[in-house]
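In order of appearance the chains are A, B, C, D and E, and numbering begins at 1 in each one.
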Amino acid sequence: DGHAVTACLITKTDTNPFFVKMREGAEAAAAEAGITLRSFAGQVDGDHETQVAAIETCILDGASGILLTASDTSSIVGAVTQARDAGLLVIALDTPLNPIDAADATFATDNFLAGELIGQWAAATLGDDAANAKIAMLDLAVSQPTVGVLRDQGFLQGFGIDLGDPNKWGDETDPRIVGNDVTAGNEEGGRTAMENLLAVDPEINVVYTINEPAAAGAYEALRSIGRENDVLIVSVDGGCPGVQNIADGVIGATSQQYPLRMAALGIEAIAAFAEDGTLPENTPGKDFFDTGVALVTDQPVDGVESISVAEGTELCWG
Amino acid sequence: MTLMENIANGSIEPILKGRGLVKRYGKVTALDHCDFDLYPGEILAVIGDNGAGKSSLIKAVSGAVVPDEGDVFLEGKPVHFTSPIDARKEGIETVYQTLAMSPALSIADNMFMGREIRKPGFRGKWLRQLDRPKMEQIARDKLSELGLMTIQNINQAVETLSGGQRQGVAVARAAAFGSKVIILDEPTAALGVKESRRVLELILDVRSRGIPIILISHNMPHVFEVADRIHVHRLGKRLCVIDPKDYTMSDAVAFMTGAKEAPN
Amino acid sequence: MTLMENIANGSIEPILKGRGLVKRYGKVTALDHCDFDLYPGEILAVIGDNGAGKSSLIKAVSGAVVPDEGDVFLEGKPVHFTSPIDARKEGIETVYQTLAMSPALSIADNMFMGREIRKPGFRGKWLRQLDRPKMEQIARDKLSELGLMTIQNINQAVETLSGGQRQGVAVARAAAFGSKVIILDEPTAALGVKESRRVLELILDVRSRGIPIILISHNMPHVFEVADRIHVHRLGKRLCVIDPKDYTMSDAVAFMTGAKEAPN
Amino acid sequence: MSGNADDYEAAIKPSAADEVASFSERKGFLARLQHALHVNPALVPLFVLVVSICLFALLLGSRFLSPFALTLILQQVQIVGIVAAAQSLVILTAGIDLSVGAIAVLSSVIMGQFTFRYGVPVEIAVALGLAFGTVVGSINGWLVAVMKLPPFIVTLGMWQIVLAANFLYSANETIRAQDIEENAPLLQFLGTTFKVGADADGRGGATFTFGVIAMVVIFAFLAYALKHTAWGRHIYAVGDDPDAAQLSGVNVKRTLISVYAVTGFICAIAGWALIGRIGSVSPTSGQLLNIESITAVVIGGISLFGGRGSIMGPLFGALIVGVFTLGLRLAGADAQWTFLLIGALIIGAVAVDQWIRKVSA
Amino acid sequence: MSGNADDYEAAIKPSAADEVASFSERKGFLARLQHALHVNPALVPLFVLVVSICLFALLLGSRFLSPFALTLILQQVQIVGIVAAAQSLVILTAGIDLSVGAIAVLSSVIMGQFTFRYGVPVEIAVALGLAFGTVVGSINGWLVAVMKLPPFIVTLGMWQIVLAANFLYSANETIRAQDIEENAPLLQFLGTTFKVGADADGRGGATFTFGVIAMVVIFAFLAYALKHTAWGRHIYAVGDDPDAAQLSGVNVKRTLISVYAVTGFICAIAGWALIGRIGSVSPTSGQLLNIESITAVVIGGISLFGGRGSIMGPLFGALIVGVFTLGLRLAGADAQWTFLLIGALIIGAVAVDQWIRKVSA
């Protein structure tokens, strides 16, 4: 239908609850604004070819704007430029493009900051013991996608560990790091990775995880050897099950992000743009619109701002 | 009265009969409204050129292929075999030209393929356990009957046997289980002189037990030695049926290659 | 002087010779220090039981398998074939028992497999384009020589041919390209009477062109009809070589099955 | 004899005690080892497994050669092991099943969602999950056996269909371990652990789970069925040469359908075991199970062309990969290097297998 | 005649003009269509392609049936198409290559990194990337042909090795499109577009890229090589029956090695085209290329058992998937529904193919 406004949502995958929520947020906002929403997703994380094809389809389809969580922040730029040249508004959600101004606007969580918050919290919680902590790093994939690198490096920075090359994980020399292993961001991978690192050093007492499913898997591994109560697990996302896991003591703290809000804001921006060409504005002092990140925990520490599990439950998924 | 006379005056009925059988493979018509009769207790030889449709005929009557048209009758009753299993249930055993053995399995496994014997009692009924000793014993007995005593180990894989031994196992299987009809498609093609002779002896032995046999062969001396009647196949049809006592091998070859007009 | 006499007095040398050939397959010794001689211009038949090692012997002298021990000599010079390609380069053509055809490819493709003819000039040299019309013409000619005129279309896939026609193509290929020696392993096993006859005629025709032939066969009448000498193979070894004019078929069968002591 | 048949055939030695070709012995330790394994090829993967355990034991000492580490490997391979058992059946029939992982995961999601979304009693939900796997397997089997489509394509398509259905149906929602523990512990049944030789705090020692036991039982059961029942013999026959099997009286269609159905059923058990292992029901698990199970099967010495190989091989195949993965991690290889070395291992293990099988050697 | 041979063979009709079995015509439109396609099976995928284009044209009208949309499909399938051409060669030899995607990506990374990290002239870097693909392919070929390891395993191992090497070597760094455009535009050469029939602003109209041209040229070249050179005939012979090919004078080892080497080379070209398509050099590209290319090949009617099929089939196979993907997206199916329907399409396309090929029909 030619008269209605069409918007596209392109996520990295749609097998991750985070993106499912983002889509739900977009659908709700689109329904409210009377916009037709088309959603697309790659098959696996890192599958930017499918995202390029999706952008092309949106151009062909005469959409007014695209909301994009890029699987590869540089590779997608060509297709994004093509879309903008064709008159579409392109908004990067969750993951900034490289360069960030390749998109008309960016509504994102600061993933590095998200990592930094849990790192600071873990260090503060351990207090003096942080100096001889034994840390397991449960990352996303051997291909080291950017979210994974940003959170990992943010965590280490927050914990007070020297980063080496901040664009990749695994090159740190600090002896407190027992090792890195990959989880594919799910429970199964989380459990196996945790077991592997426990076999390397059974005394691990801090576990960084890329997201909450991986954290839940790691917890199962610890539980099977009876160590679930003397290890600190931190994670990112703050999804509703994740926050519940904090209440249940599975996770110590998590950095909460707000995919529903990102998507809703994105749809509103497209609606405004379609109406009169207004472009969205950035958060003052940043080169993107920060949708915010909050540390959720019931054991707040000094010097790190946080919200309680009750608040987190209220806000989960945004 | 001879078999031919009995047939002529209609005093005996065919045990296995085909009428108007048609089988097409793409554009090739392998069977072209072919008739076929096998009488009780006889050895019926089927001869014909390469590609005349002999194998297609016996496949059609033994359930290995379903004919496009036509009917098959067993003991006068129409039957519709859709797989060799159906035909076997009725007591028709076939040794196909391609032998139909599973190379990696043992001789005993192959002989009992599709009709395995299970242990008696609980283990057979509930655990469905095979009675290997029994199957091996029977297999050994059948092979000895055929003079294939040289097979050392009944559990040896069929692929480790020579071509002749394999033929022997296939023929022994058919002879052991065929209760109504035994069909042999070129059973001696790959065999040496000695091995061929054993198969011929077995064929005569089976007939003496009263079981009729269909024998497809290109070896005229063998055919004329053992057959009671000879079905001459040409261009997908039965050209004629001759009595080996009334015609010479030269006649048979002339009919089958089209050099001479067929009788009747 | 007869061939046998010439051989006996050493006045002619074998064109193809094997000495002390050994080939083992796992535990089976298929060739057990076997000797072998083929003289110029003769038809040498090789007979023996199933599994005696006949095919293994010709594979060993034609490069299809590399013998574990022993030497092969061509025209007196030692040769070390590691693949049939080597033997073919020396003018030795073999029709293996398993035929060695690619079913999905055409008759012409199969006949020229591994020795394709390229177009002359630029297209052949640089584009490496095949000269199909020429290959097809040659293939057609060769098949007509064999009386296989019924093959309608030289570009038809080999798998659409009957077993007899396939045999014919294999034999025609060998006859067309064999310049020094032609080896045929049971070329008539699957063939009908008519088709077998044609192959025998072809064999005699090839000999008349002066090319020696090795013929493996279980068909004694055929062997005694065409062979100049008969190599009797038993248990992986050459048992004896006999002149078909001096011995009967019964003698030959008796030697090869071990019923009678071999001469000399 | 009739006609003008010759009598040369009468010359056959009447009571010839047929002689057989002679044997000859070969020498050398390696040659003898190779020969011993050649005679019993099913032992090859076991041999490779033992050698790799010894290797890592030498390299890493008691860190690797502890009851804890060794049983940890068992736990880590249990899911792949169970699926590999199912995959073996299909590969023995000369097929391949790319949908195993998807079936396992959707079955586990069904068990979870029926319990939590629809409030079905958990026993029934588990039964429904197992039934679901069996049905999908049967559809695969029907397409392969009756429609005669290539297994690779059927199961490739089914993989995508089931996986997409999985995400659509589950709405990508995880059911948390804590909720399951409280309301439907039966779902985690196969995760139940018991320890042998742990210290007072329950640390260290050999740790087994019911899932590991299930894996071993499934292998034992299939080994029995393949060797001692007609069904098993028919599977080998169909894989060896389906036309020959059909002609010699095997119901090829029924055999194939039953194989894919049993495969689907076993995959559903793997899905159940998955819940036990990860505690929760997660629709994103098991994505690599197809490749991992095929790898285990092939390292285990079952031919992708069907009809050959012993079912115990894939168990050892899965364990070999598990040993290498944990061994390399303990030896300090990082995740990327481990990935690379496992690739090399796969080629190496099959090369050893090939070397041992070399017939003429 | 010597001895006591019979003379019955003399009875053969001397100049028998051999008759052949008769033909018989069948009727019905569907039956005749089926027959027409049966005679020329290479046309089946083309037929399926045309039918699916018509289907979506009816459903979506000019949104789909525009020069822009149709050429967009070409652009979207170019990489898969090029890799499918390579994959076809391997599958024709009864092999399979799971490492195609990894080779393509690492080749593109090498082209990029040699230019940017080591400052090698870009022409040489491209040449080195192509050489790299060829070398990896040759190693695959050597392992398959000389070591006689199963292609599935060899390329599965190689996939992991090359992919891990890719991540290790590239340090997961993307080289940005802008940098390439400025400093080494040759890397993006295959991305160069030209339009036919666009409006004044350059919008709409048919858009082609050199990568699309490259895909078509590669298919044309392989079609020629397979049909008109000895090498091509040998590939079919080896895939049909390697033993027979060996006995009838084909150098099987050399043929196999060359096939895998050419496959590696073409994959490297695909890697180059990938840079053109996405503008940048990204080590995470092409993860699904192996499955996608195999899918295209099989939908294109090449048998996984080797030796049968026409090389043009996979081109149509890739386009069929492209048409369905774009068509379903335009029709508004979301990602999971698209996957699900593509899964069903794969099974359906092969079922149609099978139905048409049914010999006895």
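Note that in this section a contact is a pair of C-beta atoms (placed from the backbone, for glycine too) under 8 Å apart; a residue touches a chain by one contact, two chains touch by 3 or more.
Model, not experiment: these values are computed from the prediction.
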**Q.** Least step count from chain C to chain E, where 1 means the two chains touch
**A.** 1
Q. Can you name the chains that touch chain A as well as chain E?
A. D
Q | Shared interface numbering between chain E and chain D [over half = same, under half = different] | A | same
Q) Can you name the chain that lies farthest from chain E, using the mean of each chain's Cα atoms as its centre? A) B
Q. Among the chains, which has its CA centre at the largest distance from chain C's?
A. A
Q | Which of C-D and B-D has more C-beta contact pairs | A | B-D
Q.
Counting only Cα atoms for the centres, state how far chain A is from chain D in Å.
A. 36
Q | Centre-of-Cα separation between chain B and chain A, whole angstrom | A | 72
Q.
What's the distance between the Cα centroids of chain D and chain E, rounded to whole Å?
A. 31
**Q.** chain B: positions in contact with at least two other chains
**A.** 51, 193-194, 196, 220-221, 248-249, 253, 257
Q) For chain D, what residues touch not just one other chain but two or more? A) 4-6, 8-9, 12, 16, 167, 336, 339
Q: At least two other chains touched by the same residue of chain A: list those residues.
A: 14, 142
Q.
Which pairs of chains touch each other in this structure?
A. A-D, A-E, B-C, B-D, B-E, C-D, C-E, D-E
Q.
Under the definition above, what is the set of chain B residues touching chain C in their complex?
A. 48-51, 162-165, 186, 189-196, 218, 220, 253, 256-257
Q | Residue numbers on chain E that touch chain A, as the complex places them | A | 63, 68-69, 72, 75-76, 79, 164, 167, 171-178, 203, 277-280, 282-288, 325-326, 329-330, 332, 334-336, 339
(Q) Can you tell me which positions in chain B touch chain D when the two form their complex? (A) 64, 83-85, 88, 94, 96, 98-105, 109-110, 113-116, 118, 127-130, 132, 149-150, 152, 173, 193-194, 196-197, 221-222, 224-225, 244-245, 248-249
Q: Could you pull out which chain D residues touch chain E in their complex?
A: 4-6, 8, 143, 147-150, 152-154, 156-161, 163-165, 167-168, 291, 294-295, 298, 304, 336-337, 339-340, 342-347, 350-351, 354
Q | Contact footprint of chain C on chain E as seen in their complex | A | 1-6, 8-9, 12, 16, 18, 20, 228-231, 233-234, 236-237, 240-241, 243-251, 307-308
